[in-house]
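Down below are the structures I want you to see.
The two complexes that follow have chain A in common; it is paired with chain B in the first and with chain C in the second.
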Partner chain A sequence: MWLFALPALLINICIILVPAVLTFTAAFFMWDGVGTPAWAGLANFQNMAADPVFWSALTNNFIWTAIFLTVPVCLALVMAAALLMAPKARIVVQSIIFLPRIIAVAVTGRIFQGMIFSPVTGVVAWLNEHGFSISDPLADPDRSLYAVAAVDIWHWWGFLAVVFLSAMRQISVDQIEAARLDGAGFLALFRYVLIPGIRPTLILMLILTVIWSFQVFEFIFIVTRGGPAYGSEVLATFAYRHAFFEGDVGQAAAAACVMSLFGLCATAVYLWLQITDDAQST
Partner chain B sequence: MTMTRRQLVAAIPAAALAANLPRGARAEDARKVVTFWFGQANSDGQAALRNDLVEAFNASQDKYLLQMEVKGAAVNNLLKVALVAGNGPDIVQTAGPAYLTAIANAGQVLPLDDFAEKYKWKDRFLAPLLNTSVYGGKLYALPRDYESMHLFYNKELFKQNGWKLPTNRQEMEEVADAALAKGIIPFGAGNADWKGVNEWLMTVFFNNVAGPDNVRKALAGELPWTAPPFVEAVELSKAWYNKGYFGKNYFSLTIEQSFLQVVNGKAAMALNGTWSFGTKSYGMSKPDTVMDVMPTPSLGTAFTGPLVHLACGATLSIAKTSQNAEGAAAVFEFMLTRKFYETMNRDWPGKWALPVKDLPPEMLSGIGYPLFEKTISNLHEAFSKGQYGFTTWTFWPGATNSYLIEGIEQVWLNKITPDAYLTRMQTLFSQEAKEGKVPPLPPRTA
Partner chain C sequence: MIADRWSRTFSLGLIGVASFSSLLPIVLAVMNALKTTVEIGSNPLALPTQLHWENFSSAWRNAQLGPSLLHSAEVATLTILMVCITATPCAYVLARQKGKFWRFITFYFMGTITVPVQLYLYPLYFIFAKLGLVNSIPAVALIYTAMFSPFAIFLLRTYALAIPVALEEAAQVDGAKPWQTFWYVILPMMRPGLLTVAIIVGLNAWNEFVIAVTFLQNDSNVTAIVRFYNLTGQYSTDWGEMLAAAVTIVLPIVVIFVLLQRQFIDGMTSGAVKS
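Now for the complex of A and B:
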């Protein structure tokens, strides 16, 4: 079995484990990215803890996680259930809702920035011309994170819906028909048949959402670069800024370690749930 | 290997063709390649780089072959990684002395003193610019250009409204208030595509309010950034932002959109850099009937008169691992030719304004862009006489400069006070000064 897994294992060691160990090590050094690293002990973590921007970035990661564990998941579940009940509309609707997923992130970001939120060239400008007083949410430090999240949700929820629909289609038709014969309406079917039927897929997607939420970078970097006034700063943009603008690779590595910590916690929860499920099924 | 008769017949014309190739094409194999990574360049810029630099250099001699790659905005990050891995280009271009400091301190680029001696570079470059690349008494780079913040304004709008060109803060605010009263944005400004716009503005506020001498003292560690002149500078920037001098959409507009506001008469002025001449989409023309430009006036009591700000937008070095340092130096020497200066500044104004000492008027008039020629001539004179302020992107160390850019948004949006902003800046600056990360300051006189 080990021989069978060896190619994948070697690739993982080279491109995942080695960089991960190097990043972890870099967190304990002062390094500008080109010179000789100098041992710093826990100084990078101490400096990070003393920086209010780190805490606001961490808070934003939690807010982002909460948003993505609820809004796109609820939208996707309802859409998947609706498509399950309406097979004729499935192909057309799935194509439409999946489309944002295949558009490049940079393009999506620029579309929302210039054609939706811009007070000069976007929908916001049009609304202002027609009597609605709306400002650009990307320019407001208290709303910019939510505005970028809206862009990412538009990009993400269709994919999630397609995944949930595939899982729902694995549920036995007999079970659904039996529930209907027993008088279950859409909500009851959804609550007592569909959700329990896709539980493993749902849990996997929720766990992945937590991991991805602590790694979120592209949309925020493209649309707001973490601003204005650090309003949409997250750990990844915090780390990027330290590594590439401030020449402080050690501090960036420390932030990356915190990001990974949350990912590891989520993975541990997933493994624990798998073990629990296995124990219950045997 | 045996050849069939048919293959032999087919090979004859090919051999004949090869024998008749022009001498240059055959010689290319024998030439030593010089590699050069360039950062961002628009289509005009890429054409200028190709025609005026690469092809012109390669045609000018037969020893070296210059190969250039335009790497885009991420070039600084790519370069650092490549240099550490020993795979960088021969010619190392950084985005200015603030970026060069770490690379030079790490010994990733060669000292150029021998080449400088050979080609007399120290006699041919303006000392304030050349000295921004001297570390520990050794020269590590040549300045590719000089830049400064300037006040661009719509002269038609000024004429129509009877506004006088401002010479101090009071007059500047009178014009700005008059513009606001007419529904005109005083300063077209926007940072949606480049947060560095914040530092363009703060360069003006720090230097033109606190005065260049105080800025120099702070950079030399003789005056803290929390001193009253800097508090006044930050407070004025906040007051102007809150009054709406930069318009309602500062965080939503791109640089191009905000500059076009001035050209189109929706805004009166713009605090922008001399590199603006090189971007056609900004809407300026040659000769310009709408726009004009002047050095930024004093905004405080520390000095009187207009001020330019010393900036070096890019430095050119030779990688430590270069196998062809002589070739790279030959490219630098080519850049110092009069023909290159004229063609490059004609095709891409402002991007490659080499800070040469000898800049006769006829050399500038060959460019054919009166507004640009006037600006460069003024810059050259001010830098030669040592009369200048200091730009943040040339003289501030990395972390302090990054905070200057990001933190000022917190001040303008009332998240922190000017005092808190400057206290944090001072903390970061002290740390970086201790670590030797502050770029060198040029002598005050030329």
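Now for the complex of A and C:
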């Protein structure tokens, strides 16, 4: 029987586990990817700690996490509740807000650059012509991270709303009706029935958000490459740049280890919550 | 559900605004794909006065979209095949076997879902470079198989769990070997799950960026996404043509999405919704 699991396991170990262990090892070596690695001890981590770009990248990861724990989650919760109240519109609207999620990130990134943010061909250009003076946010080191976050929110929040909606639809109708008969308005219903009703899903999505926020790469690499002036640099773009453009794989590996550490913490919190939940329910 | 008037109005308003903002960038892209660059510059929000379909033909020609779309289809097909072949038997075993060892394997696969690409990308790239596997489409499909199969295993496992054990026992009593039971009894019952897996894995392979842009560097074998990325930049000038290329790359996905919405939405939200 165990032979059935072998091919999947073998591919997974060769492609993910072995290189992951190597990354962890490479973090303690000087290595350009081609030559012989030389033992470096903690030098990669020390260099990183002395690099202001690393700290601003890490800060940006925290900002990103804070944004994604709040903005898309609130939007999605309210939207899911609204769709729950409007069963007729549900199927069509659900598909519309889900659509951004299936469009390739590379394409979405370029569309936002050209059609939204561009001061020549985008909505920003149109606003400038109509009396609102807005400069290209992608060209501003202080605002580029938020502009990219806006693109990712567009791509992400509708999916999240659909997830919350399917969780809310599993709440028994009786419970919702009972709250209504007791005179609960939209806000009370939201606060005391819908949110508690989807608690497990909500917690899982929040934990995943933390994990993903420390891994974020694609949108930033495609839209700003971490720039301008490292303004939107995050750990993943920091690592990628060191590995492939600066030939310092050891440094990249060290950054990747730091990234994974935050993911690991989030996973540990999740497991801990699961265990305490189990303890409470029994 | 009976909602009061205030929350009804609020809901409908929100739904309107949300749908509008989800569609706006897509509509702008399609609209401007049919305009000349001059027209886009003068007003990106205006409808095209004349439909410039030639943007599509020149994008097709200049960007060499044909071969790169073919490569995307190759990668997606190979990945779907490899994931289905390896994940299905694995899911079946994980659904049936109990005990510490199998719990550990299950946890291992769960862990690899949340592992960042960055944690294995760099050594993997330099190993593949040494083995001469950079610029190879099957090699990229192999990486995708490792990346996407944990998701497939967990989705298929729920299908396998729903199959009554009595069916297998009956087959065993009749003298069927394990692989025969799997092939003739289990596999046919997992078919709906396999369709969902094929759709989601195909979508992910078609859209994937990091691995594709790192491992495919030769213009002669890049996927459509990488081709599009390489040709365009923040300071692109010919937006009409660029958007025509974008629409061409996204169109197959959107058509399949419209036809098979249930599988898309159920497949992608599976695992996220907990009861």
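The definition used in the following text is that the second predicted complex is superposed on the first by the 267 of 282 C-alpha atoms of A that agree within 3 Å, B and C clash if a C-alpha of one lies under 4 Å from a C-alpha of the other, contacts with A are read in each partner's own complex, and residues count from 1 in each chain.
Assume a residue touches a chain if its C-beta (ideal position, glycine included) is under 8 Å from a C-beta of that chain, and two chains touch if they have at least 3 such contacts.
Note that the coordinates shown come from a computational prediction; the quantities given were computed from them, not determined experimentally.
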Fit-or-clash call for chain B and chain C when the two complexes are aligned on chain A: clash
First, second, both or neither for A:Ile97, with chain B first and chain C second: second
Chain B versus chain C as contact partner of A:Gln175, first or second or both or neither: neither
Which of chain B and chain C A:Trp154 touches, first, second, both or neither: second
Touching partner for A:Gly33 - first (chain B), second (chain C), both, neither: both
Partner chain(s) touched by A:Pro141 [first = chain B, second = chain C, both, neither]: first
Contacts of A:Tyr230 with chain B and chain C, given as first, second, both or neither: first
Contacts of A:Val120 with chain B and chain C, given as first, second, both or neither: both
Touched partner set for A:Asn128, first chain B, second chain C, both or neither: neither
Which superposed partner A:Pro19 touches (first chain B, second chain C, both, neither): second
Which partner reaches more residues of chain A (counting touched residues only), chain B or chain C: C
Chain A positions touched by chain B in one structure and by chain C in the second: 33-34, 113, 120-121, 138, 244
In the complex with chain A, residue positions of chain C that touch it: 1-4, 6-8, 10-12, 14-15, 18-19, 21-23, 25-26, 28-29, 32, 37, 40-41, 43-45, 82, 85-87, 89-90, 92-94, 96-97, 105, 108-109, 111-112, 114-127, 129, 142-143, 145-147, 149-150, 153, 178, 182, 203, 206-207, 209-210, 214, 225-226, 228-229, 232, 234, 236, 239, 242-243, 246, 249-250, 253-254, 257-258, 261, 264-265, 268-269, 272-275
Contacting residues of chain A [partner chain B, same complex]: 32-36, 53, 113, 117-121, 135-136, 138-139, 141, 225-230, 241, 244-248
Residues of chain B touching chain A in the complex: 76-77, 80-81, 83-84, 102-103, 105-106, 108, 192, 195, 248-253, 257, 398-399, 402, 406, 409-410, 412-413, 415, 437
Chain C contact footprint on chain A (complex, rising order): 1-2, 4-5, 7-9, 11-12, 14-20, 22-23, 26, 33-34, 75, 78-79, 81-87, 89, 93-108, 110-116, 120-123, 125-126, 138, 154, 158-159, 161-163, 166-167, 170, 173, 176-177, 180, 185-186, 200-201, 204-205, 208, 211, 214-215, 217-218, 221-224, 235-236, 239-240, 243-244, 249, 252-253, 255-257, 259-260, 263, 267
